[in-house]
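You will see subunit A twice below: alongside subunit B first, and alongside subunit C after that.
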Partner chain A sequence: MSQRDSDSKSGDRFRTVRVNSTLHEAKVPESEILVHVRKHGFCEEAVFAIKLALEEAMTNAVKHGNGNDATKKITVRYAVDDERIEITVSDEGQGFAPEDVPDPTSNDRLTLPSGRGIMLMRAYMDDVEYRRNGREVYLMKRNRR
Partner chain B sequence: MSKTDALSVEVVKHDDGVVVSLVGSASMDLCERLNAALLDVCQTKPRVLVIDLARLDFICSLGLGCIVVAYLRVTKHGGKLMLANPQPTINDMLTTTKLGGLMPVCSSIEEALARR
Partner chain C sequence: MPPAEHIIVTKNNGINVIEFNDRKILDELSIRELGEQLQEVAESQENVRILLNFQNVEHLSSAALGMLITLDQRVKKQTGTLKLSNINPQIYEVFKITRLNKLFEIHDSAAQALGAF
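And now, the complex of A and B:
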């Protein structure tokens, strides 16, 4: 089950969606967010990038942050306008140090699964920041119309 | 890119190898199925496995990981895995992740089968 809140009455432009920590439920906010970015005129290349980054953030939250514990929650907050989209994805895990994740493109790590998602988020979004000791990731993409 | 995600995996056996066509979107909730389908093919120990990406419009890192696992399984038995026909967005991901340097990327299935 997902829960939605809109904070527009309090002046907060971010919408909030909270979902159970499974890969299936993690798709719920994605569908909603992509409808909004298309409404605001983001090009298909940007839609691809946002979808990719969001999937990587949600996958990391489910698998690494919440340790595949479906009783835990993932909280997605997002704000989109004609200029940009901002998204935060928060999990209930112990956090991590992103600087300790090795480069997945080095020759000796190409066939290993770890780190590729973080690298893709950084490659496809305009800004990626880890907050709350790695339990929250902030993603931003500008709308280049 | 489609607005709803679905993935189908089509397998065709040729004299020269096996062609697996991925159709749709390899998003995070569908990769378990992708992994199972590729595992089934790898268990036949093909000499050449071509993964046709012409009709794949999205893939996440989990999906790329499934292809890498298939690459490791095929090469372990002396076979080859090649990618064919990636759309520009997918090709860009292969470049960004440097996986295009690990697995040859061909412009057609015929070219991939001929490079066995």
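And now, the complex of A and C:
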């Protein structure tokens, strides 16, 4: 429900970038988005956060969502103004249940080399929501000027 | 094309002091190469001592954290020691959020870290 509401409210403010699901192409939306973010006066701390969250979301889409299948696509939609940036990253995978992802900071998982991406996105963005059964992640960061 | 050199290694009293050529340690492909280059240093001797100096590094992803954990395990296998230094406040926050500041020995400066070996 919230997905439809949010999308209809934002209307065509959203720009869409669609890329092949490779780690190389996954960088394309990031550079475009960061140009807009800086243009709207987001501070460097916010730029750091957005860059980090996007990197994690795109890597998850390539590896876990699309299972390293380069024939699949990743769709990134974003809307930025002086108040906030909203981004959705969608893959063509099977989806997943984010609540099933274990806490990477628990003592028994602290030395595992993976599993920290979602946690970092949640820590650095003001809102992170999984939609479409985990095939789409919504990221939002406010501009604190 | 050979992989890019991601690190500069200098020796200081037998300690491998490693600086990074990349300001952003984010993407999987270069992290894989970087991990291999660090692994090579880790495996170069028993009781290896490594100081990773992060003074040039501005961005770090979860994949980079994973690579550091793997390196730490490798160093421990060689009964060696790994220390980190010069991590900027934004990146230190990443270590804190993930509780990896508890796993790694982190010093404010390279001099302080070298004195702690």
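Definition applied: the second predicted complex is superposed on the first by the 132 of 145 C-alpha atoms of A that agree within 3 Å, B and C clash if a C-alpha of one lies under 4 Å from a C-alpha of the other, contacts with A are read in each partner's own complex, and residues count from 1 in each chain.
Criterion: contacts are C-beta pairs under 8 Å (C-beta built on N, C-alpha and C of every residue); 3 or more make two chains touch, one makes a residue touch a chain.
What you see is a predicted model; the values in this text were computed from it and never measured.
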- Query: Following superposition onto subunit A, is the placement of subunit B relative to subunit C best described as a clash or a fit?
  - Reply: clash
- Of the partners subunit B and subunit C, which touch A:Leu34 in the superposed model: first, second, both, neither? first
- Task: With the two complexes superposed on chain A, say which partner A:Leu110 touches: subunit B (first), subunit C (second), both, or neither.
- Result: both
- Message: Is A:Met119 touching anything from subunit B or subunit C once the two structures are fitted on A? First, second, both or neither.
- Response: both
- Contacts of A:Glu55 with subunit B and subunit C, given as first, second, both or neither: both
- Task: Figure out whether A:Leu23 sits in contact with subunit B (first) or subunit C (second), or with both, or with neither.
- Result: both
- Query: Which subunit A residues come up in both lists, the one for subunit B and the one for subunit C?
  - Reply: 23-24, 26-27, 45, 48, 51-52, 55-56, 59, 104-105, 110-111, 113, 116-117, 119-120, 123
- subunit B - residues contacting subunit A, complex: 1, 3, 5, 27-29, 58, 60-62, 64-65, 68, 71-72, 89, 93, 96-99, 101-102
- Item | subunit A - residues contacting subunit B, complex | 23-24, 26-27, 34, 44-45, 47-48, 51-52, 55-56, 58-59, 104-105, 110-111, 113, 116-117, 119-120, 123
- Task: Would you mind writing out the residues of subunit A in touch with subunit C in their complex?
- Result: 23-24, 26-27, 45, 48, 51-52, 55-56, 59, 63, 104-105, 110-117, 119-120, 123
- Note on the structure: As the complex stands, subunit C meets subunit A at residues 26-29, 58-59, 61-63, 65-67, 69-70, 73, 90, 94, 97-100, 102-103
